[in-house]
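After this come two complexes, each holding subunit A, first together with subunit B and then together with subunit C.
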Partner chain A sequence: MQAKLLPEANLLPLLKRLMAEAEVIGPKRTEAGDVVFEPLERPEEALHHDQYVQSLFPLKDYFFPQTEPLFKVRLEKGAAPEPIYQERKRIFFGIRSCDVSGIRFADRFFLRDFEDIYYRKKRDNSLLISISCLEPGPNCFCVCCDGGPTLKQGYDVQLTPLGEGYHVEALRSRLEVRQNPTVPGRACTTSQVTPLGEDCYVEAGSPKGEEFLNAHQEFFLPASQEDEGRKQDGLAGVDQKFERSTYVAYAIRKITRREVADEWWEELAQRCFGIAGCRYVCPTCTCFHVVDLRDGKECVRQRSWDSCSFVGFTRMVSGETAREKPRDLLRRWGEHKLNFLYLLRDGRHGCVGCGRCLTTCLGRGDTWNIVSRIRELSQQE
Partner chain B sequence: MKNIYLPQLAQITSVKDETPDVKSLTLKLKDGAFAYKAGQFVEVSIFGMGECPLCISSGVGQVKDGIEITVRGVGTVTRALHELSVDDEIGIRGPFGNGFPVDEVAGKDILFVAGGIGLPPLRCLINTVLARRQDFGQISIVYGARTPSDLVYKDELKAWAARQDLEFQVTVDAKDDGWEGNVGVVTTLLPKVTIAPKNAVAFTCGPPIMIRFVIIDLLKMGFASRDIISTLERYMKCGVGKCGHCAIGHKYVCLDGPVFSYQQLEEMGEE
Partner chain C sequence: MGRAAEGLRKAAEDHGSRAVGVLGSGRCTNEANFLAAKLARAALGTNSLDFSGRIAWVAASSGVRELADSGSGERRLATLSDLGEADLVLLCDGDLAEQACQVAALILERVEGGPQRRFEIHNPKVSAQLYSDDFDRARLVAVSARTTRMGKVADISLQSSWGKEAVWIKGMVRAVLEIMGSGSEHPLASEVETYTGDFVKEETGIAAESLLQAARAFASASHPVIVYSSGLTRQFHGAEAAVWLSKLALLKPEAKVFVATEECNTLGACDAGVMPHALAGGALAERGLAAWDMPEKVKAMLVVGDDPIARLPDSAATRRALDKLDFLVVQDSFLTETAKLADVVLPAALFAEEDGTFTSAEGRVQRVRKASEPPDQAKPHWQIICELASAMGYKMAYSSPEEVMKEIAAASPLYAGATYDRLAPFGTMLTGDGSTLLPSTGSGPEHVEGTIPSRPREGRALGASSSPHSGSGSEEGEGRTDEGYPFLLFVDGSSYPWQGNALVENAPTLAREYEIPMKNFPGGFVEINPDDLQKLGLRRGARVKVVSRLGEMQLQVAPNPQLRPGTLLLPFFLRERAAGVVRLDASEGYPAFAPCPVRIERSA
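For the complex of A and B:
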């Protein structure tokens, strides 16, 4: 499908339209100053791409909620369990590349072998509109993990901001198109056109994305080759802006070959408080616990996030615990994020470089620290 | 689209006391019987109490339209299972897991080494193997429990002891007044096994500490690590590779196991 251009002036009208069609989840700033993805109540609430980099949490809560009912059942003989599904249609707007990569990893995980119908329904009812990053945040390292800052695949629709100001000729021709009422679907008025506004280069990455662009074509213009050139130019310098930029291959190799010594993990694990903050903010962490909640004559079976950093995570009824040493709990995290075998099984290794573990961890037991400290081992070899 | 977390209903058709804390329940599956392999497990639900993984203990085809499970009452769900009686209903999901290799070991001599409540998963395999006895070479069963009253399937043990086409030995850690048989841990019986390791496969199941010692002895006897096959016990919630509790490296005990050869366990870094 040919790429499109989204004129900045069409952005708010587009969001308004989307809000009439579905629940739109977009980037918002809370009173405390945090960036969160929440349902938009007004299109203007959505943060502009240069007002945020990373949201506090990834989007996994929307597909794999922190607590989620699986089914309810009356506590009487012969009563069969009735599943509880959430099938709300949702459009995710302005999500970052690393989070799309995280969702793709979770897709492979939840939808392979035994398919998870709860996850499937929520994914089928979602549309992912991502936005390429032009400015990394201080803890971002997606560039080291093939997680971003822009994507070749995985999104339904990808927007790439083109920077301010553009070729006058192109501008003029577009203005003409916009002002010409005979061109179908020209919704915006002249007053909405901001000549120095920031247009976005728009690509569809899935049949769902193509369908979306076709259904909303009045908001988009055809993109020219020149626009594509501007997109490439705009992205060209982004990789160099990352403070953390060394590829994680060395750590992957060492961990996969089990060449990182117990003592090394033990030393790092001394810094781990075992609070599972890293696991909860990680887009690719998906472990859960299941409980039956009784309410009178009914029971709801519910799953909720769990964490392999908790000692009880592997404690069996016999009293034996498969993993209880702090070093083994931390190594489990390192393995899930960096072992090459996950790449074979899930299409990529388990870290997308969003940097949230780094932001969250008080003890620096985060993936970035693991990667960079393992790299220091190479100097000793 | 199938919902992997939704149990089907099963009716308890019989309850048998095996030991003071172990019961066997036969279950009739309301949606009809499912095909399963020896060594596979089911997730058993008591709504309002929870769910737990239990191996299927009946041999393939042994229970019409259903399965048998043998349960020690130690946790919330298993203790609640002990309170149930005939005609009560529970939830079942499964069968899950890889199961024991059966066709793959046809033609070989087979040694079974079980400890305590580790016999039920092996008993499913033993009965499956005995149902096609002619496909296998020499068969030897070694079983140990803490005390004579902790031995499960007492009638079946007698039947095995009476059979001429297999070698059967049983022992207890501590005897009581009526016991005249072997006393000592299960590994003390291994020197008396007449099977030659060269063309044999050993299946072992029991408490983790027992398995560790059995494997050491089997290796000494000359069994290759790929010919020592065990089942791993792990805390698990879902049984279908999602909840993450049973993960070892990138493998899941519920999907890739619970049956592993010792060679695989070594490769996975489990000992």
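For the complex of A and C:
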């Protein structure tokens, strides 16, 4: 693991340099006040770490677009499909720990059992530079889900603001996601940046992150033990600042043991408007729907986000629909996020605690409400 | 473009300008609607100008008019902030959670309370109150013909009957007057004298005690807000109900009314002058044809982003009439049912592909911005109208929607402050002194759309030609069941509201949802209370004959526990099946489905 110090004065020059190398996706504020991650046009556009907590949408759109043409084929005898790959090199700057956790979760889905080439290409061409959070937002609960506010592993480069600079560290990822025989043991990498005021403590968390630090040495200073101490001091107490906290394990136990009654789901589902907003903003929701769009003599296969909050999601060829009632649709989501079987398979439960479902939900059908309301059941036991 | 202009011009020349009709749309921007109105009135010289979504606003406009006439000098139409400050919400809807989920969510937030979620309310006072620790929650009284989602979370939930809303509202006015001690001196007292608890129970099925409870809650509230949607205003006698809700609101000095409109820009389209009887700014015009009369009475039409076949009650008759037109021009983003009949289709940009403004249900003018370029040759509606007008020899040279907005602001005092630079980022509220509510309510008595008491009975069987259906209508108009016809059939659009929406139909993932009801019941379906189904000895999906005094139709039965026993619900999108079976009533100025007594027979 490599750790460096990024002096404040070097931040904009570094961003400028990165923009010359690749498309830099950074935090921007729209006119209406929303935070979005979009390509930076000028380095100064990027929001300072204390000007935002989280973007409205997760980053999944960059790896798994809402609608994505996969390949096109001429409708002629013998015509071969022409895949449509997106291979732009992208550097994600200033993303949050929960964003990284979300992407790592999606990595397991797209790359583990069956490698999705479209996702792989976009993922290989990305570098994730994240920033530790020192101030949680009103709906954040990553502290309960091991999704943040700072990461111990999983990032490419992590910055932690120190008050006078960024601390950059590169961790070697222990999770070997890729099973590519031609590049054995190549780990999926993520970088994380934590701004603590002005200077930042910088850590590399992957070979990609190491490579990044090596290639841009001129921007960084060596980090001392004292710097690391300052990083730890800065992060201490952040956990206490969360307005929302809840105990996820209890909900996992109740759901896995099927001890949450249908009536309970029904009660909660009355607060669900079925708009699928939570699923669309969830960084770990990866369900999709595939259609062939025909335009004259050409056909494009396109995949788009799908959502288990739609009745048609479980419609079968026979005409039967497995889950039709709002309570079953909501329960399906709760199960996927919190059932222990998924935890066994994926290594973590399906929520990183970003709180976007809470921000988006018109009613009360979000994960935080599911978890904390199941907890209320414990008081009745 | 040349052909479209030539066709419209020729129709106006051959048959007179009155033989040409123009439809705007509650889904198009203010700018597009304003230009459509200008094209109709100035270039074509016709007053037959409307949009089919206005059908859901006619009844509401009577209610709004009632508020304006009260002369209380205060704005009685609620904003969303008012809703956030309410301590009681009286909700009379079809299914608000389906039709206007943002409003439903705000009510839910207000009713369930607590610092759950940071809902963006642009009023610091409300935000502070909503998220303070000593949150003072509002009470919710929900009245609907079905037990809806909102009804389930309400403090007091009343199940009424379709078309009978005015009855319980009058009953409630009577009860509130009694509670408030105004008794018989109040000018309304004599009008509601007969609406006792027992009478209301008999007519609507609402228990006297529940009604009294609701009346007490209303009377004791300091900031009650009455909310209703097209679930009420599209209904039979919706105008009467809307007017009486206004009268109820006027009993309390602080009470306000919020109308959840059906389309995103219903108010804006009205304000832009897309109405057969008024110009932008509210000045009266010689009355032209309304959207629901237009196709049958004109020779040529220009349809700007509207889909009358999908939105008007009598789709079959509308389709037939549109098909008979000499010339039809449709500009739309999709090949809708209406566009399929057109002589010329002009491809138009979607809302996310053009700039402009919408006026929301609370009267907030907001920008809508281009997020992506329209595909191929598609252009924004306003631009197409400009080109069409110019091709017809009426020069319309606007460089941007902003320029159009300046003209709207000049024409309509309400929009004077709505220049683009003042609309960022959250838009601006239409303001006016107390009685100037919205120009769509008009200023003269001629503007009252639904005159109360209602005009002589007018109406016809669904799907029939335009000649009034007379005589035999009186009994089913009363909506009385008897031994021969023990069920009451209603047609209502508040369930499956997305049906008929081209945007949903053409989105691959959503289209799947769109198809499900019909895949489950390929023969079409009518919803029925499960207990009734059991009594009839029928299974889910059984094929039946629904017989009214006018005719019969073949359908499948679908159980729906939300319905009260003795009622049947035909979803609005299946209304063509009921051609010749149910009656359309036009006594309040807009066609509405009259409750129809029917019986169910097993199909052979």
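The rule we apply is simple: the second predicted complex is superposed on the first by the 347 of 381 C-alpha atoms of A that agree within 3 Å, B and C clash if a C-alpha of one lies under 4 Å from a C-alpha of the other, contacts with A are read in each partner's own complex, and residues count from 1 in each chain.
Here is the rule we use: a residue touches a chain if its C-beta (ideal position, glycine included) is under 8 Å from a C-beta of that chain, and two chains touch if they have at least 3 such contacts.
Just so you know, these numbers come straight off a predicted model, no measurement behind them.
Participant: Superposed on subunit A, are subunit B and subunit C clashing or fitting side by side?
Facilitator: Fit - subunit B and subunit C, as placed by superposing on subunit A, sit side by side.
Participant: In the superposed arrangement, which partner chain does A:139 touch: subunit B (first), subunit C (second), both, or neither?
Facilitator: After superposing on A, A:139 lies in contact with subunit C but is clear of subunit B.
Participant: So, does A:299 touch the first partner subunit B, the second partner subunit C, both, or neither?
Facilitator: Once the two structures are laid over each other on A, A:299 reaches subunit B alone.
Participant: Name the chain, either subunit B or subunit C, that contacts more residues of subunit A.
Facilitator: B
Participant: Can A:287 be said to touch subunit B (first), subunit C (second), both, or neither?
Facilitator: first
Participant: Does the superposition put A:345 against subunit B (first), subunit C (second), both, or neither?
Facilitator: After superposition on chain A, A:345 lies in contact with subunit B alone.
Participant: Quick one: is A:80 in contact with subunit B, with subunit C, with both, or with neither? Answer first, second, both or neither.
Facilitator: Only subunit B is touched by A:80; subunit C is not.
Participant: Which partner does A:315 contact after superposing on A: first (subunit B), second (subunit C), both, neither?
Facilitator: Both partners, subunit B and subunit C.
Participant: Is A:359 touching anything from subunit B or subunit C once the two structures are fitted on A? First, second, both or neither.
Facilitator: So A:359 only meets subunit C here.
Participant: Let me test your reading of the model: by the given contact rule, A:32 touches which partner, first (subunit B), second (subunit C), both or neither?
Facilitator: second
Participant: Now for A:115: first (subunit B), second (subunit C), both, or neither, which partner does it touch?
Facilitator: Touch status of A:115: first partner only.
Participant: Tell me, in angstrom, the smallest C-alpha to C-alpha distance between subunit B and subunit C in the overlaid model?
Facilitator: The answer for the closest subunit B-subunit C C-alpha pair is 11 Å.
Participant: Shared contact residues on subunit A, subunit B side and subunit C side combined as an intersection?
Facilitator: 289, 291, 306, 315.
Participant: What does subunit B use to touch subunit A in their complex?
Facilitator: Within the complex, subunit B contacts subunit A at residues 1-7, 9, 47-52, 74-75, 78, 88-89, 91, 207-208, 233-235, 237-238, 240-250, 255, 269.
Participant: Can you tell me which positions in subunit C touch subunit A when the two form their complex?
Facilitator: By the definition above, subunit C touches subunit A via 97, 101-102, 104-105, 108, 112, 116-118, 149, 152-153, 424-426, 508-510, 512-513, 515-516, 519-520.
Participant: For the complex, which residues does subunit A have touching subunit C?
Facilitator: Per the touch definition, subunit A meets subunit C at residues 31-33, 138-139, 270-271, 273, 275, 289, 291, 293, 302, 304-307, 310-312, 315, 319, 321, 358-359, 361-364, 369.
Participant: Please output the residues of subunit A touching subunit B within their complex, sorted ascending.
Facilitator: 70-71, 73, 75, 77-81, 83, 109-110, 113-118, 120, 258, 286-292, 294, 299, 301, 303, 306, 308, 313-318, 320, 322, 332, 335-336, 339, 341-342, 344-345
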